[in-house]
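By letter and in written order, the chains are A, B, C and D; residue numbering begins at 1 in each of them.
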Amino acid sequence: MYCADQKGIIAAVTNFIHQKEGNITYIDQYVDRPNGAFFMRVECDFIGDSFNLNKFKKNFNDEIGNSFSLHCDFYLKGQKPRMAVFVSKYDHCLYDILAKQQSGELAAEIPFILSNHSDLEIIAKRFEIPFYHIPVSKENKADAENMQLVLLQENKVDFIVLARYMQIVSSKLINQFNQKIINIHHSFLPAFPGAKPYHSAFNRGVKIIGATSHYVTEELDAGPIIEQDISRVSHLNSIADFIEKGRDLERIVLLRALKLHVNRKVMVYGNKTVVFS
Amino acid sequence: MYCADQKGIIAAVTNFIHQKEGNITYIDQYVDRPNGAFFMRVECDFIGDSFNLNKFKKNFNDEIGNSFSLHCDFYLKGQKPRMAVFVSKYDHCLYDILAKQQSGELAAEIPFILSNHSDLEIIAKRFEIPFYHIPVSKENKADAENMQLVLLQENKVDFIVLARYMQIVSSKLINQFNQKIINIHHSFLPAFPGAKPYHSAFNRGVKIIGATSHYVTEELDAGPIIEQDISRVSHLNSIADFIEKGRDLERIVLLRALKLHVNRKVMVYGNKTVVFS
Amino acid sequence: MYCADQKGIIAAVTNFIHQKEGNITYIDQYVDRPNGAFFMRVECDFIGDSFNLNKFKKNFNDEIGNSFSLHCDFYLKGQKPRMAVFVSKYDHCLYDILAKQQSGELAAEIPFILSNHSDLEIIAKRFEIPFYHIPVSKENKADAENMQLVLLQENKVDFIVLARYMQIVSSKLINQFNQKIINIHHSFLPAFPGAKPYHSAFNRGVKIIGATSHYVTEELDAGPIIEQDISRVSHLNSIADFIEKGRDLERIVLLRALKLHVNRKVMVYGNKTVVFS
Amino acid sequence: MYCADQKGIIAAVTNFIHQKEGNITYIDQYVDRPNGAFFMRVECDFIGDSFNLNKFKKNFNDEIGNSFSLHCDFYLKGQKPRMAVFVSKYDHCLYDILAKQQSGELAAEIPFILSNHSDLEIIAKRFEIPFYHIPVSKENKADAENMQLVLLQENKVDFIVLARYMQIVSSKLINQFNQKIINIHHSFLPAFPGAKPYHSAFNRGVKIIGATSHYVTEELDAGPIIEQDISRVSHLNSIADFIEKGRDLERIVLLRALKLHVNRKVMVYGNKTVVFS
């Protein structure tokens, strides 16, 4: 939840939960003082079977939310979000996502994998997940995207991960999934946006390469950053070495970002993220 | 030393040293295959008092260097380069340089410290190193630089370190000290070149900040990178936190770069560096 | 503050501060669920000149603290703790502490530096801080420590930093400064406790070395850890290289720990620390 | 190759290769001065179809190797070693190994996967690799190991990876695969050897956890270290968090070690490794 910073918010919220006989198991808040913005994340348990999320939500907004102008999202702990995975030809991020989802570490459902190439269909088959091959060309771009949107709606997808999907997604898709598309970019943004960042990094002679996971916005590679990490390189490393080292970075960084998102630990505000621990 | 990659270079050089009764204590080479460039760094001991660097150099070039078109620099191990330190108001890099130089860890002589402000004169006094205060303004920029050049020449300075010196140095100085001016930039270049990089990093919402030490070239913050490192930040950190975390990065990264340079472990080629271990 | 985890603590504390017209500028809490322990750190501003810490403290304990069995420390923001610095012959940590204290980054007062050797007296002089040379031998160990205790009391020292002080401090001193002596150990504890950790690390063939800052307890190098960090090494590095790389680790890690302690961000509980952000 | 350090080795080897019309594409050497040991790794190309490894090896040893007492291993670049994968119930390292082997990044053949449990058979099936389930109990330990040895011999296995295999392998197996069994241990060795290292790390209150890949020797978790890496933790992390963060460390560190081994970049000497770049 977030709102303008005001006196008494924490007390009001924690009092309300206690009145409803909830037990707070996690609470963290952050105040952006220069902008006077208040952010809070609360987890609580309610004993007994009678808990009703919609009722709780209504009560909360009536008694607290509206008076503080709180913007608040409510989730049930066990409710896994539905994640569509978009890929092209690289398999390293896809393997990680599927392995972690299957082991239960990534608490999301994967209704389907979608690709503009057919190369990774074999992996989808191995993990018994529906695979849709929708080629994208200049000519069919609008049609392809409409097919994507139908699939996303039919499958009640909550958010999309671009796991090295090598196509620029359109404004239409971005608007329908605002702050719901997570990309992994293979550079330490804002350095080297756009295509071929490892080549640019190599040519610049950097001593460290990076990867960045962010929400997709209309401006390319400029959306709110969720997670970044880096790896050291040296003059001994070729572009091929950069790419290989980068693969491990990409999959680790993307997975961390996905876990944060799936566990509702990321709040977007302005072009930044608040990432709760 | 470096030259075009050719068969037999290593054998020729090592044979030559053996003939002169030298004992190789370090040898490392690197071949940039796409560009066909060969780089080598050798350290050797010569027993006895009779070793004469100039004679050795002449013999080497006559017998080996010229036939392979080798570009080679020769240094005596004990010979410390003379380093001028340029500062403005920030003291963290200066303290590190002076402490490490005094403890012997940084094998350089420091003939003087130069600043466009007088704030850090007290530190120079503490370490008993001459301090020159040369204010720089739009009007006196050329004069100030001429005074700097006189000081540099009179003190037989080998190279300059810009230890958070907040003035852009002119082409004239850069040309006279080509690949001999080391700067510390307080960002992970090529992200955030120019002024106020921590502010830009904060506004972009990055999760990692960096520092970069590089040789100064005419294009601002675009010279060959010697060393970089990073530190994690989060939404909890203010710009002041970025700056404070960054200070530790800056001094560590600059010191590593200075040690590499002073120990003749860096070779510049194109706009990159080969950094020997 | 800390206490057994109970419903309503946060609400009670924040309500109390609001009633007293305080403005909470920082609040963070942590619950150790397996042990049912609750920790909280609050910063607040009180407008007006009338604020009285002792009165506030009494009111707080009467109204809140006692009923929740809260253990609570109160500090005024501007009040700098008094830190005695113990050193032997290594100067790298000392230089960092003095430089950072002088620049204001480390908000502590340094009434004196104490050493069992006289080597670093010159540095104390440079920074105009009193220096006491108290040699320690098997024979005079008890006397030396008594002299130390007198100095510590006369100077109203709040806590002690062992900045590579190469003597084991006695139980007597540890008891008088319980959780108030901060040491830097030059290994990644619990690996390589005791003497010569870099030698042990070298002989074990590790690929990473570390440094650990911790509170001193009676068991050697086994007290609550405040901060650790690491640096990569390789077969190319000699013991001398380990030591040199380690120096940078030691000073950075110790300084981070000191800042956390000085800013009252560390709570010890059991043999662990809770480190607030 | 390695031998006692002597003058002229590099020249002799490089001259020999030039005479045989080989083109050196990689050469790196390391001298352990205190022990007078010399290590070198060379890659070279031979033009034409007539190259014969056995003949080259014989010539090399006759002309160079014997006179310098060089110990030298020879490999053809394209020859992939055969790797047996031992697992128990954890799947994260196995998934990484299979994904990287299939993508070609890990240049090894995998004749089979062996486990003391049947849980991961489904993954073996997905990747179409033979899976052998050999339960191990106190009673059948010797029999089980004999069955393992038969499988290893029949499948001409070059080396074994223990990808979180939770059984201690016997001296017999270790002797037959001396320096050919690679383990991943889930701590920063030598801290926390043996069972449940994350629990021990948690109880010690460390701020950093690690993982270590090493060759297996008779002393548990004490063999030559190939690679290590670490991850930061805090008081906020539970044991479950340690384990989850650790999984990513384990798979990344093990994979790096496997790549180094498979690419013949690791030389064991004493209880340490020389890891060429």
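Keep this in mind: contacts are C-beta pairs under 8 Å (C-beta built on N, C-alpha and C of every residue); 3 or more make two chains touch, one makes a residue touch a chain.
Keep in mind that this is a model prediction, so the values were computed, not measured.
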Quiz item: Repeat of C-D among A-B, A-C or B-C, where over half of the residue-numbered contact pairs coincide, is which pair?
Solution: A-B
Exercise. Name the chain pair with more contacting C-beta pairs, choosing from B-D and A-B.
Key: A-B
Quiz item: Of the other chains, whose C-alpha centre is the longest way from the centre of chain D?
Solution: C
Quiz item: When chain A touches chain D, do the two copies use mostly the same residue numbers, with over half shared, or different ones?
Solution: same
Quiz prompt | chain A and chain B, separation of their C-alpha mean positions in angstrom | solution = 41
Quiz item: Distance from the CA centroid of chain A to that of chain D, rounded to the nearest Å?
Solution: 36
Self-check item: Multi-chain contact sites of chain D, meaning residues that touch two or more partners
Solution: 234, 236
Quiz prompt | Residues of chain D touching chain B in the complex | solution = 7-8, 10-11, 14-15, 18, 23-25, 27-29, 31, 33
Exercise. Could you pull out which chain C residues touch chain B in their complex?
Key: 91-92, 95-96, 99, 103, 105, 126-127, 234, 236, 244, 247-248, 252, 255, 277
Exercise. Flag every residue of chain C that touches chain D in the complex, lowest number first.
Key: 30, 32, 34, 188-192, 204-208, 210, 224-230, 234-236, 238, 270-275
